[in-house]
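Dropping the structures in below, format is structure tokens.
Below, subunit A partners subunit B and then partners subunit C, in two separate complexes.
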Partner chain A sequence: MLLILVTKESNRLMTEKILEVDNLTTSFDTEEGTVRAVNNISFSIEEGETMGIVGESGSGKSVTALSVMRLIESNGSIENGTIHYRGSNLLEKTESEIQSIRGSEISMVFQDTLDSLNPVYTIGTQINRVIRKHRDMDNKEAREETIRLLEQVGIPNAEERIDDYPHQFSGGMRQRALIAMAISCNPSVLIADEPTTALDVTIEAQIFEVLDKIQHETGMSIIVITHDLGVVAGVCDFVNVMYGGEIVEKSKTDDIFGDPQHPYTRGLLRSIPRIGKEEDRLRGIEGNVPNPAALPSGCTFHPRCPHATDECRQHDPSLQEVKRNHRAACIHIDGYKSLHKEDKEIIINDRKKGESDD
Partner chain B sequence: MLSVYKYIIKRSLLAIPTLLGVSMIIFGMLYLAPGGPVEVMMSSQPASAEQIQDIRQQLNLDEPIYVQYGDWAWDALHGELGRSWSITQGTAVNDLIIQRIPLTAELALLSMILAIAIGIPAGIIGAVYQDQIADHAARVVALSGISIPDFWLGIMLIVVFGVQFQISWASGSWIPLSESVTGNLKHLIFPVITLGTAYSGLIARMMRSEMLDALNGGYIRTAQAMGISNRTIVFRDAAKNAFIPVLTVIGIGLARLMNGALLTETVFNLPGIGQLLVTSIARRDYRVIQGIVLFVAVIFIVSNIIVDVLYAYLDPRIRLSGGD
Partner chain C sequence: MTDKELFQVSGLKKYFDQSQGIIDRYLNDTDQVKAINGVSFAVERGETVGVVGESGCGKSTLARCLINLENPTDGEIKYKGKKFEKFDSGEMDSFRKEVQMVFQDPASSLNRRKTISQTIKAPMEIHGIYENSRDERVRELLERVGLSPDYANRYPHEFSGGQRQRVGIARALSVDPEVLILDEPVSALDVSIQAQILNLLKDLQDDLDLTFVVISHDLSVIEYMCNRVAVMYLGEFMEIANSDVLFSNPQHPYTKALLDALPQPVPELARKRKTLEGNVPSPINPPSGCVFHTRCPLATEECSESRNDPELNSIDQSDENHKVACIHVDEVTNDNLKVDSNIGNDGNYEVENFNS
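Up next, the complex of A and B:
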């Protein structure tokens, strides 16, 4: 047992994984019962890499990010799994330990809504205090640093704009300010949850350029959360496709686009609108995202899947390597090892265990 | 900053028509009320129709009402509220008010401070510990503050502490601040509790709901993700946003406090503006009544302007747009 742990540990060091999420399950207590918003997902990211999490609305992308930040709302909890940051499990940290990691080691940018910055404090004040919280700087130094950061994310006249209030900034500028705040303490991991959804394409491109530039300068790892495969194609090294709280496909970006395996991913790819072909949007995936309080049996995608069979309704496929460095969770993929009897038993037992845990 | 001055001027100009309307209503209403002033004044001693006519003439009551209003309003504009008609006959209304204002102002101010001191923390606690025991406790306190009538609480305090425990300063009356500071404050303890708690409930309830709103703000999540401590988030991020709208209620509450002062002063036998108003109404001393009501209206309007300006000052979204 000890031996296994040691090997695992040294593996981790060898591959320089910054962040490793294993078997993460996060659930919420709701009026409809317990909702498993994230179900047994694993991923890891190395230094300087950009990872994408893509999926429709409600697939569990934000909950994944918030779990890593340990910012799950009070009605939710991380049921199972580990989240290792530089080898130590974030889930074992005290609140004050995690506070000193947030913003300085692992940071997060949210989609700009009108109130994602505090309306009653200036942009400068809000960035300034993050710097002073995590870095050894006095007020004056922090102010200079703030100006430098605002310039870095492309805000013109940063020296003057630093004293503006959020409502005096445009949406794109607020998003830049949020990025400046998130990178102000040189985090190793930056999670960007739909950072450009509210912006037009030109600004979106500029924002990702900024992120790319900073990544080159600092070597930070970035997790980009989006429902836009175009964004993924542009910026990610590898991708996790999420559906119903599970990762259903993961591989290098090129492989996902060049040779998508899971029917859901294929559906998503078909739904990318191409210029001049707006009607393509309509050829997306029929049906709706499942209600997480009542997920379908077997493969959660089966009600919407054009290839669904009886087997799909009974067995929940696990994520398996179907090609080299390419994993997917679908019974009917060529490379997928069919479910052996033992596998089925394990799955059934697991499920029973999950139910009795509740 | 220039826009703040512009804002103040704009708000002050807007107050002029309000004041004009208020003064007309104040003046007209009393004349519509049944029981002519002179008849009531003379009711204690038999008076001939001739005598009554004499007095009416003296007081200019035979002039058309708009002339009377014009005279009164013109004087009021110059800070002259006229002279009392009744027992204190001849005393300038200004003097009557000035005599009594320190007590009422002290009572209102202390009550306001008490109300804020209870209401704001109670509201914050209620929101932070939403639906937990601390929240329920704060809500019970707030609700009782709102629903217990001021005068009833006042009377109960007098009965329990003044009558039952024979604490001399608990049963009412008053010592001027100039005579004894401690004596003065002691006598105000129960009136302030009576008035302040009633109002604290309102502030607590409002603060709680504004805090809950603020705590749901996106900027709270942003601050959390930056590792800012919960304490800072509650007190610096959420509370400041929540307090801005609560401030408006506090401003409007000043009028409520004036109302409350009327009852509280009567219950505790405090010679303030409220008591003066009550006795003046009993005596149909029209000039004094008009003077007091106008005075209170002016205070109310001015405090509203101050609150609006403060609001604009605290909320950059309004401050920087010049309040449009």
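Up next, the complex of A and C:
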């Protein structure tokens, strides 16, 4: 009896986290050598949550999404880590098993709507095809379902527009159609990679309103990948900040924006001019975004960090809890040193080594 | 007309013929894209004028008209009190030297087969200036825009996006211009790099007494850079005002909608983002009357009547710089726009508090 209770309990705990990524490392073979685009990152998402991954170009945010979808190109590979979806590791699945999950259980919306849609098929045909691959419907049922989906994402006259080609839709409409396609099989997780970057602000607000509505109706989890801190502030429950292939800070949205800990997050927030605030100068971040093929040693942010010391150049800090539910990877944060003896020992050892080298 | 005015634009229109099949052209049945449809404003010496709007509103065409890359369909542009058409060749040369442009995409606006030194020298060669000191001048300009002079003989692909934009700025500065037209100067750059370029532009303006016209879709960039801002929609100005007034007391429903839709990096504000319904109509066949009426929350039947296309009018006698094109302007209340910089974290972190 007790055993049954225990299993039930553990089942319940198992299902809470929809997607769990642990120590994911993805690298690519390029002309410049092996590029570690994503380096040992972990995150998880629960049902109905919206998680943000924010970072600049080359931070590894898109590769993270493609790794979860198992869509890494042939010159790349997932070196290490696990990706558990509802308790089973996606990295151990065969290609055909993955195909039945991809697009149906976990689906994705991309930035460039023209590249994501086939120009020679109508919008309806393309959504139809996804529905018929994953759901048991005949052509007529699938067409009705497609019309319902297009209405759901707010396309007017869906019955007529279903036979339009992608070029007959505006950018915002195409993104709506792609969202319709992505939600056509009731996915548990929707990954939106820069879904509104190519769109105007007023259209961007419309798209997030649609996503929010669908999330309320279906309870799906959403991962938003973006460079835009304003988008993250508006739609995410919690945020991962990525830099140089690593997550450097993660917390609830309000804490990231209200009390950022990592010098990179702070610098990023200072880089954005604020409406209604007199500013003479923006106190942003010095230097350039690092090339993923030539990442700096130690903490990847140290060449641009105002607080960098020798320790930072040698020692790559791991994410540590600096406040409740708020983790950051920087040895210069107050809570960090006292909490984490291991790191301290490494630093001390490094120091000793440095001294003896001299 | 004062000496201070560099540009005087009045009733500017620019229509493009939609390229169509030969039969349509034969039958003279071509559609026209009304990119700019009656715009008037002035740019004074030393100020920064911003033009903000969504894609397709005509803001880039306006920039191209200002540097005389497009011939207006109607209306006129005067530079230093003289119409473009009346320029003799000497005046045209000095106009081309005094007004320079910085483009959005630094990758495609630099010639990849030329070293950046060659690129920066080209305008000096065309205008025949700095004849004996061009190499020296290139080094000086590179330093001025924050690049090492040692980079002079490198090619554009050896630079990052932000560095390329610095090269584009150095090229524009090479002939000692008075006016820089900046078309989306930072929108292709990463956030942390945007701030560096914006700071650089402000420094250059202070040091070199430059006049800026900034074209952007990004309201926060416009607010940071500009003294005066025009809000453009479907080829027309909806509102023009001093920057502080426009952002604290917007009057046109479209300006308000843009500000409401702006995703600010402050969760309390960003979650209250409001949505403007509908899409931007086609500039081939813009709505009758007020072009914004199809999306406007205040629109009445009056607004759609073609005789009611509202002109820009001053709304406050004490502030003649603030003009709005809306017949309902009194009804626009300010209650739903509250930008309070005290909400959330304003991004000012004291370095002293940050223990190292």
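Worth a mention:
FYI, the second predicted complex is superposed on the first by the 311 of 358 C-alpha atoms of A that agree within 3 Å, B and C clash if a C-alpha of one lies under 4 Å from a C-alpha of the other, contacts with A are read in each partner's own complex, and residues count from 1 in each chain.
We adopt the following convention: a contact is a pair of C-beta atoms (placed from the backbone, for glycine too) under 8 Å apart; a residue touches a chain by one contact, two chains touch by 3 or more.
Predicted model, so just to flag it, every value in this text is computed and none were measured.
When the two complexes are superposed, the chain touching more residues of subunit A, out of subunit B and subunit C, is C.
With both structures placed on the common chain, the touch criterion links A:V231 to subunit C but leaves subunit B unconnected. Legend: residue contacts after superposition of the two complexes on their common chain; A:T197 is shown touching neither subunit B nor subunit C. In the superposition on chain A, contact of A:D334 is made with subunit C only, not with subunit B.
In the superposition on chain A, no residue of subunit A contacts both subunit B and subunit C. Interface residues of subunit A, counted against subunit B in their complex, comprise 69, 71, 95-96, 99-104, 107-108, 110, 113-120, 122, 129-130, 133-134, 165, 167-168, 178, 181-182. Those residues of subunit B that touch subunit A in the shared complex are 217-219, 221-230, 237, 240-241, 244, 314-317, 320. Across the interface of their complex, subunit C is touched by residues 56-57, 170, 172-173, 200-206, 208-209, 227-235, 253-254, 257-260, 263, 266-277, 279-286, 288-289, 304, 306-307, 309, 332, 334 of subunit A.
Within the complex, the subunit C residues that touch subunit A are 54-55, 160, 162-163, 190-196, 198-199, 202, 217, 219-221, 223-224, 247-248, 257-259, 261-267, 269-271, 273-277, 279-280, 339-341, 344-349, 351, 354-356.
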